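See the structures that follow.
Below, subunit A partners subunit B and then partners subunit C, in two separate complexes.
Moving on, here comes the complex of A and B:
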């Protein structure tokens, strides 16, 4: 895989730097990953790798129906099975939590339609395989045998799987307690439309009417899974002092602490969370899954309880990304200037409310400056599993529709798709759909990088397979950037080495990046920095890892902690050197007085001296709460070969240009880009949940849930464009979410370029191509979509915002 | 997974004796790439397994002109895929074996296991069907031979008795001027299950016309099967595009696909026609080159 770094010549402002660093030594280097050896030698400890003496194993029983009233659950036989220590159902939870917290909880509190609170179905199951009971036993096999002895009496209810049916006014609400939320307030009658998100500006009808060319098209994507390799796993222990210890595979140990404390109604100090190495999260491990169940079982049994999901549990009952129906209209002048856009996004959020609606719309249309627009997003409930965050939540789906529509427009205008995008691309000062102005951004730079790349400028090479057709397509995408709270400590050791302590979970090799930042600012060799990801009793607070925020936000905290440590070192050196701190020079790990440069101290000497000198050891601290968001943009070129007789698609090459601000470690950045692209290729071509009419997943395994394998992954050439962000250190921008956003549309456009099939449903591979080829008019129709009537008797009293922990995590 | 008893006999006779002694509920374990996955994921755990690991007499591949090809039950798919004689004379078989799973799967899995597992999509089945394979079986009551066309009963079911072991697969030497090919459609490049699999074998006569032609289909019926009408139609015809197209059309008509998570019945039928056309073409090319 080749990479080009494209310097843009824009100077980087390194804020707060109190010394000028003549040349950077570690930032920008391809240093090896700190935890790489542990991972490839199998020594890294993942979620399921921690065990405790006397541990029990838990398994859950999933609902046999996608929608049913639970009439009764008989667990007597299961509890009587030798080796079984506890069987718990939803009805038991209020009593158990009351005992744990010594406060009486109203049972109704546990029967609310909330992803976080309904850890066991109670009274009603709302998706197939939703947990209805858990058993803890001395072995996993006995726990499974116990489940087989549980009798649940169900009264099946009608199952609704199509969000466009479920959202209608006449549809029966899945929950009595979900009322449509809008910016104006909350509706008064229950509905399956959990939320309506609306953004508009100007007069879109007039603007569309005045456009020279208009495109209207509908698109639909399938529900897909994040596909992390490591299934969720958790171990919980309850100690006689009333404290819970949790070991879990999570993106945020502090998030689990507050979530679990809230669930158990205990103060956070009674919960200690240790995050394991994470075998992939992509957003899905931002919210709690097994932790409350394990904690409750550990309390009830008095023994440590471990629970690990199977792959089929993961696919059937964790939180995939919503399938989306989109209706997109765009209008342009003859010269390609976009004048208007209208869109409706229907997100199937699954059985419980929640989702990334605002970010989704901003990701879908945010690449283009459009004068008049009206966008509406609907979070719609169905009897499928609750959905959750997946890399740039809701962005890839929306961008697939928008980027497809733009190519249809380019076709209509006889314009190059790259030129059309360049003409309308946003730049500094333009506003996003939420009407927030962009700071300095690099979309045009990524477009130019693709526009001048040989894969775009050279004539298409002939297909490598006889009878196949070759095509290429482009797509753009963005992520608004993640911020949040981060804290870091840096301890300076007596030997002059440094230990960085953080409470943020490393999902993507960020320990290495943090070590690079600390080494750079302390001016010591990278090898002399250790990074510790500590548990919630030890580490300083950080928000969960997600939304591409870690290198940007935690990086700022580490940067500030290093500068703080450096300041302290200079102060201590000043005492030894008997000069004012301002006269202490700090360079290359040495300190001296400018008045007597011959007397040099090493960091180690200062640190050694300081621990006994009365000034105390050197501990730098850095924290950050508010940074300006640093939006990141990408443009991708995808090349495919299509077999027009079978619908087979092979991706032969991808060129991914991305504004990364500053690549602290280019290898790590490429890993993020390549990973995002390959996930995007799977989403575009082969992945998708298939449900039967009863709402049961028909492909709950990796044979039929088709994620790409190494053989399907093409060469992904990365073009690292470096337009520095205005805030944070070195100009760095988050890189994790963006690369999956443009891929789906770029693939669809490449397939169209190859064979003339405009495929408007995902996944594309196979039959959809043949269907589209058989009907070339498809996708070109200009049928505007009328949203169905909703029950929106809005109560204008704006309710107090309930803070949803999981909303910040992507 | 529930616990099960494990037997590892060191001869075929002993293996059959274990099956006879232990009675129903047992399973032969060859590579285990189907058996163990099914035990773990579908909970179908046998009462006991009889591993062929130490039954060395089953680990041979032999070929001679008169006796043809014989593949022992313990021979790995990888060895079959790479065997020079199989590649040259029985191309469809080596292709079928080389498409199963991945290298790891091919190092463990066997052709015998692929057939005994009796998946409608088994990649070794259509190639062996078009090449007239015969299954050699040993059981408590002795030895018998079963033509592969009579072997499959339904998804996951064969005519094998509970006390019977598949010993080897025998394939007659193909005539001169013959060739075979196997193609399958999968959405992914590898590690995937056939949406449709089509094998073809062709023998040409002295004039260059079709002396015999067989087409076998996978994943478009309850078992892999020979599309007999399609094959019969070509005999005596010139091996040209018109004949090929006609045969492929008939084969598509003989398919009995269902719609499921892997594809609709209509698309599968269409794929049969496309792949049959292509497979026959390749087989004819090989026959002409032979």
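Moving on, here comes the complex of A and C:
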């Protein structure tokens, strides 16, 4: 697949640049993945691949009801089964944690409406298949047999699955302890509306009234799953010295350490977490899942305990992405200038609070400069699994609505959808919906890249299938960028090679990028750099991997560590060369005194000499916490063919333009874009949870939860636009989240272009297209649904920065 | 039922698998002889992460009962590289960026090896068909397809 790298004419500012650094050698190169050999030979160790002697296997029993009071749980028969070492229920947890921590834990602490704290349903189950008991046995089979012997007496409660019903004032709260949170404070009475996020500016009513053209439309997306191929897996061991060792598939080993220490009420030094290779995370492995259960079972049994979820467990009882109902109104002048926007978003966050509404709104409307607006987001509880982060959380859903509405507006104005977006696209200095100004960004550059691409400028070719219709659509999207703390060490070996040590988890190839940065700054060949992802006892601290922050933030830490190592090498060389450090030249892995350039030392000689001379080894360290966010934008063009008889959709081509700041490894960047786009195609066309009226998932397997296969996926051509970010190394921007944001809307717009059906529900394929084709209005208008008045009785005013609320782990 | 002994040739070596009769080949490989390169993504034959070669044909090891491999030849990802040299398919996956998280990679590599064994000059459609039973959630498949094309070229 060809990739076009588009020069933008803006010079790159390299922070802390050393003027002696020659032209870049390895930054921007397509080097092979550093960990590739381990992965293609089956040697890489994932969550389920670690075992310990004398290990037990754990399985969990899920609730038979989506909403029920747990009257009693009888585990006697399960405990009596030979080979079973422990059966634990939610009622046992306070006592076990009290023994572990040697502090009395109040039972109420474990009965709070928090998925992270209620690791086993207690007194009440709030979604189907929510874990209610776990068994540990000498084999997985015996653990499963034990579960079958547990008798749970339930008292079923009314199940609410529709957030628009659940958020009504008269609805019965799922939890007694959830009080609506707003920017202004917390409500006094419990409700199923966990959070209300409101952003507004100006007089939106007046602005809408003054608009020449107005569009109003409602949209609904389905609950979807991240679809990582590796089910969550964890192994825990407890040692008599009071320490827990955890091997787990997680996006953040330090996050698990602090989370688990908090849960067990022990200091973090009693927990050692080793992150395995992660077989796909996409946000879902940022939160703890199995670690507390495995740790408790390891403590109770005194033996290592391994637990691996089945695919059905993964789909029924982990944290998918919220389904979203939204209503979007936009108003524009005749020339296409957007003057006003109003929208509400209802996120079905499932049975426990969580979400990330701010990011969702910022991703939905953040691509356009709009003077007057009013946006409201509601996190609403239902009896479905609690939701979590999935690649640019809540961005794709919102952008689907907004990008569809813009397409309708372009249609109404008789304007090209690309021209309409270009007219309103944000640029440096414009503000996002949270009213934060953008630094240098590249949305317009991505739009121009699509506008001049032959796939957009050339006439549509006829459909390749008889009776089918062909169309193309565009969409824009953004991700605000991830920050957080990152630390790296670089050890210089006596042979002149280097080892980068980090505690950040590599999800898809950032070890390679880090090696490139270290090689570049140390001016040594890429092949001489190793990158080690160490456990929490060994590695310097880093926040979890998420929010597209690693290359940006950890990259800065590695960059600084390399500069530090270089500085130390110059100082060491100065003593050997008997000259001031400032006179030491460092180039191409060699050091010499400018006063006597003939006498040259290699890095290896300096490192060896330092070890021998009593000066000690060279270890560079780099740390970063504060960086300006580097928002990244993308524009995508999707071409489809639609069968008007069946509603089938085939995606024939995608062109994805993205501002990546600087592509340190273009192959890796393209991989992120292509993967994100294809996930977006699945979300748009075929993926979606289907529940029965009792709240049971009807498609808990990968045959019926239909993710794209190699036959479904089109070629995705990547246009890498490089508008350097203001902060971070080489102007790089995070690239992981953005590519999924524009895709859903672009697909919907392409389908409309092909057959005239404005589909307002996802997934699009099949029936929704036929329904829309039969609708005489054909998406020109839709009936607005207005959220009910909430009458929030706000208690305390919480001073919170809007931006701080964005700290979710993607 | 009592455990049983299953004799099979695995990656060129004779093995006696001591297994419950209801356990799958996947479980026998991973838990009995420690070959954890074969991955479990679903256990129901839908994702292809556990693909191995059974007498040369790709199968989902989660859908094969361990006793079924009696007297047969099994090749897993651990048996693809020889003498510390990567198979051309493995090399192409590394060089072309045909992997990200890597969990689907062992199964993908085996499906690709099986394809090239019977069809050394596949078209793109034939490649996509051959790996259609192997789900990948990271790459969007593009670079995997390119890697298999490169491997086919290199093998000629």
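Brief remarks on what is shown
The definition used in the following text is that the second predicted complex is superposed on the first by the 790 of 810 C-alpha atoms of A that agree within 3 Å, B and C clash if a C-alpha of one lies under 4 Å from a C-alpha of the other, contacts with A are read in each partner's own complex, and residues count from 1 in each chain.
Going forward, contacts are C-beta pairs under 8 Å (C-beta built on N, C-alpha and C of every residue); 3 or more make two chains touch, one makes a residue touch a chain.
Nothing here was measured: the structure is a model prediction, and the numbers come from that model.
When the two complexes are overlaid on their common chain A, residue A:767 makes contact with subunit B while staying clear of subunit C. Looking at the shared chain after the overlay, A:279 reaches subunit C, while subunit B stays out of its contact range.
When both complexes are overlaid on chain A, the residue A:141 reaches subunit B and subunit C alike.
When the two complexes are overlaid, the chain among subunit B and subunit C that reaches more residues of subunit A is C. In the superposition on chain A, contact is made by A:703 with both subunit B and subunit C.
In the superposition on chain A, A:501 contacts neither subunit B nor subunit C. When the two complexes are overlaid on their common chain A, residue A:685 makes contact with subunit B while staying clear of subunit C. Of the two partner chains placed by the overlay, neither subunit B nor subunit C lies in contact with A:222. In the superposed pair of complexes, A:645 makes contact with subunit B only, with no contact to subunit C. Contact with both subunit B and subunit C is seen for A:711 once the two complexes are overlaid on the shared chain.
Once the two complexes are overlaid on chain A, the subunit A residues touched by subunit B in the first and by subunit C in the second are 141, 701, 703, 708-709, 711.
Residues 1-3, 41, 185, 187-193, 195, 260-264, 267, 270-271, 274-275 of subunit B touch subunit A in their complex. Residues 20, 22, 30, 34-44, 46-47, 49, 76-78, 80-81, 86, 90-91, 93-97, 99-106, 109, 127-129, 131-146 of subunit C touch subunit A in their complex. Interface of subunit A with subunit C (complex): residues 1, 30, 32-33, 35-46, 48-49, 51, 141, 226-231, 277-282, 308, 310-311, 507-509, 667-668, 670-672, 674-679, 701-703, 707-711, 713, 715-716. Residues 141, 312, 645-648, 650, 685-686, 690, 698-699, 701, 703-704, 706, 708-709, 711-712, 763, 765-767, 770 of subunit A are the ones that touch subunit B when the two sit in their complex.
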